[in-house]
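Could you have a look at this structure, given as structure tokens, before my questions?
Order of writing sets the labels: A, B and C. Residues in every chain begin at 1.
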């Protein structure tokens, strides 16, 4: 047999460490203890460091929160316009939402914009009406679908009070049926949304037109910003349960008196009409009430009424009255008799006192 | 068979070494053991007494014990034992620091401590930047003791040294005669000084390259890029296997390095960093402590400092029988059997344990030339006792210096580290100093990369910054993103390449409002790959995740009719460049994952004027 | 082989007649011959059997077989007279939470003794809870206390955030609040996700799902903030389940409305809490500035997440425009009722 092969060396070191030194010293042992103490000190220091972290690394620091209002311009949605349609590109739809065009309809021209300097170009003759309701801007868009067309006029009247006033004044039918702040008849539609008052006028009384008018209404309702109603609506609509569309807002020349501005009025029963107006302070309100009283006195004679001034209109045999509560002027016209006039005036005052319309309430 | 025993493991225990050295013994066994002379380490007092000839002074009681009579606690708690304990301690501490370098564990631990006490880091950055950053002042706790005791760090504290020593020991199955041979000094050990000189000359020019081979940097980098993610992988796969069998694996999960990372952490070039550790550790089987003896620039630096040390291992020529047994476990290959190479000695004290003649001691201010004393004759045939300076002749160190001088332009003229040729993906972490200053400071330790909770920080590839910037941190937004409210990388950076920044500074708030937020770069859109721009498909994940307020990504909303006739509204994203901070979460979340349709590049980074983009960045 | 036998074989070989070209010593013994032949035959046969067992003619068998899991329906039959929406307004969140849940049947109705309950907050981003981008930790802690008082054996809190999970849980205060209230927090790891089957889903019929915390769960409660969202307009109760998905969820934005409807199909929670203590009005879903946040002072409990979302959209985000399309999609698929005015609801003021 051949010689034994080299045995496989072990994988790992299996030798035992053997110390050959002949002497040990006590001093060496002391140094070992010192080394151990140093290691212990290092360990203690590391543990101490670990227990004292920098809190800003691992927790949110609320003192760093900012509150900066940075205005960001948001480009409006660019709507799809079928290539080959009349208007390839609409530079801007103005306040109109993109849904306003919709399937099957095309804009016949870019949105036209008019301000008070050139409003007459669009609405000749009635411009004073809109200007009296705080006219700011008119956006005009013509839509066409086959033979049918719809003109959309969107008036920016500054606030919802003006817009409602214009709507109610323009519809001007005491028995008109409103759907919220929308009114439609045959081929026309009228809508108030926020500070906007919109008129849709179709070319024909056609089902397609009516349907389009309803979808226009939905589009504007969902996309235009809403506003809360002015204070007077809290008083009249909430307090006396009068539909907002029955409340007439007259910005100027109410009852044909040139001093009577910003008057809200509504028919309450038969011909009886209540009205309210707000002034900056009590003195201004008293001043207005006195002027009204003087004007009412011109039609007849004074009749007694608690703290209100009542006058019998001798031409129509009805009672007009006016009183003041804080900066509010409260009034009634064409009441059947003094008792009814007083009743309405008291009711208005009670509602006011209940302070449902105190400044800052939801209706500001 | 020289040792005459075929069985494994028999050599050490069967008295083999004794037989090896027996032939060279003279009258040593008959010699009278010393009484008051310094036969043990550190005994300065006794040594002074013996120098003054006060031989007869009686030894203090219990000062010395004969090996056979020494009580167990003196034998157990000898200096080499505490050295091993210290090595375990510092190795464990190092591993602990690596383990806690993570959001939920870091607390206040000084996780970069080993780098902060590393004198090479402190000295090299002091040379390149003329300052000592923040905690680098701690390096004094190593520099001063090294000047007194020598290169003790290498064998008492250095975790990388411990790793090499451990593997060298574990696989050391050499026969005794080979043990002596393998621990002899070789001229290749000069290489580390050449490396050190080249690195130092580069540092003078402002190019800090010590991190390639500094053992602490190397080990942190290895832990970061290979060991820690490997541990995650192992823990995750094991616990998944257990849990799918209904076994509770709650106990194993905390062993992962990065708990709460929803994706396995990955790193550029991990294979190479892994290969380096395998090769370097494997080399211990060829030459024990190959790295420490041949390559380590920190060791070279400490060796150079050791030249001045007050203590060293001293060989008593009247006792030394030239048996060479002290070489058997010599860690530094420092020739303790002849003229001790002070710069190579790791102060491991193994030679003292191994000397059967009691000839070796650790002495304060030992003499170079010994005369026969106390009635004893010099018996060693090697008269020299000390080689103080590193073994590198003037010619070699001058040539090494020239090599460093030449290396600088070769490195710096690489386009990648130049403002005109920089890589657009070389995006530095927040708080980083301007690039040329960055290269003066970054030691490639990759601590920032380890602590990064999103894995966005990566050891850069050669393409990002050439060799000079290799392994320095860059951000890859495909892998992660820079989390808005996170400044961890700036906390762990030991050298201020990433300056310690507060969140206030990062976000440009409060006193930093005038500077604006720190911008890492700028995001761009590639319309050709963006779904809403090029593919009629809704998307805008980028806008959704943009973390700044107001958002740096806006949308142009258009309605289009798709190829199939359906109307869709597309939110087509665009950049608001003044608001973009380059955090890259948009790029990370972009569904076009291979070449994202929105991507960050380094241009516009706020740390550099040269790489800025906008004439004026609005401070919002 | 023992030495004795070896010798015998040797002797046999020596005595045998040698063939022409080979020495007789070169031939194996019969025994050796049979053993070697047998070993070769056994290995060959073994290889044949092994290969037959592993044979995959089409290549399909070799593909990874992912087990597919299903989520159970966590809903509880409604209590008598319970509302679908319970709305509480005020500033005392624990009290409001109690009132809101009382309106939909009371916590004891939903949680049985010994239940393992998973609560899913929205922890998507690592920012202060005051920025409204994440669930309010106070409300979450109050919910955990309620659930534990109702007898739950274990409460778990889990989410897969967009930013790094640990930091999200820490900086939103949700991690501390949950642990402080006695719940266990689950963070996602690469292996926490399992393939979930959602039969009938349009887009996520099979999708990786953060499944680990769901093992052994009896009840699931969602608690979501109310946030603006550019693409889907609002992120509330239904969108909250997005945080349980893994995989390539950045694709969802290509059909966000169907995905959210799918989420409502995927997750049938015991009930949901809409945390309207803060409302992120704009710059959502990340926020980042206090000016984006409004104090909502509201907590809603609901057994119908679609109704809750519809309520939150109009009442908390204050949007008057049309409801997000995903609510219609969900309603069409019978997953809820978006017309909240016509479900039973109760609103109360607390304090």
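Rule of thumb we're sticking to: contacts are C-beta pairs under 8 Å (C-beta built on N, C-alpha and C of every residue); 3 or more make two chains touch, one makes a residue touch a chain.
Computed from a predicted model, the values in this text were never measured in an experiment.
Colleague: Sort out for me whether A-B or B-C is joined by the greater number of C-beta contact pairs.
Modeller: Pair with the higher count of C-beta contacts: A-B.
Colleague: If every chain is reduced to the average of its C-alpha atoms, which one ends up farthest from chain A?
Modeller: B
Colleague: By C-alpha centroids, what is the most central chain here?
Modeller: Most central by this criterion: C.
Colleague: Could you put a whole-Å number on the gap between the CA centroids of chain B and chain C?
Modeller: The answer is 41 Å.
Colleague: Whole-Å distance, chain A centre to chain B centre, using C-alpha means?
Modeller: About 64 Å separates the centre of chain A from that of chain B.
Colleague: At which residue positions does chain C touch at least two other chains?
Modeller: Residues 126-127, 167, 170-171, 289 of chain C each touch two or more of the other chains.
Colleague: What are the residues of chain A that contact at least two other chains?
Modeller: 58, 60-61, 66, 68
Colleague: Spell out, as numbers or ranges, the residues of chain B touching 2 or more other chains.
Modeller: 103, 485, 550
Colleague: Give every residue of chain B touching chain C within the complex, in rising order.
Modeller: Those in contact with chain C are residues 102-104, 236-237, 239-240, 243, 253, 256, 259-264, 453-454, 483-486, 531, 537-541, 543-551, 555, 571, 585, 589-591, 593.
Colleague: Note which residues of chain B are touching chain A in the complex, please.
Modeller: Contact set of chain B toward chain A: 6-9, 11-13, 17, 33, 39-43, 60, 62-67, 70, 73-75, 77-79, 81-82, 85-86, 89, 93, 100, 103, 106-110, 113, 169-173, 325, 352-358, 485, 487-488, 491, 502-504, 507, 509-510, 550, 554, 556-561, 567, 569, 620.
Colleague: Within their complex, state which residues of chain C touch chain A.
Modeller: 126-131, 167, 170-173, 289-291, 320-322
Colleague: List the residues on chain A that touch chain C in their complex, please.
Modeller: Chain A reaches chain C through residues 58-62, 65-69, 222-223, 226.
Colleague: Show me the residue ranges of chain A that touch chain B in the complex, using the header's touch definition.
Modeller: Contacts found on chain A: 7, 9-29, 31-33, 35-36, 39, 42-43, 46, 49-54, 56-58, 60-61, 64, 66, 68, 70, 72, 74-80, 82, 98.
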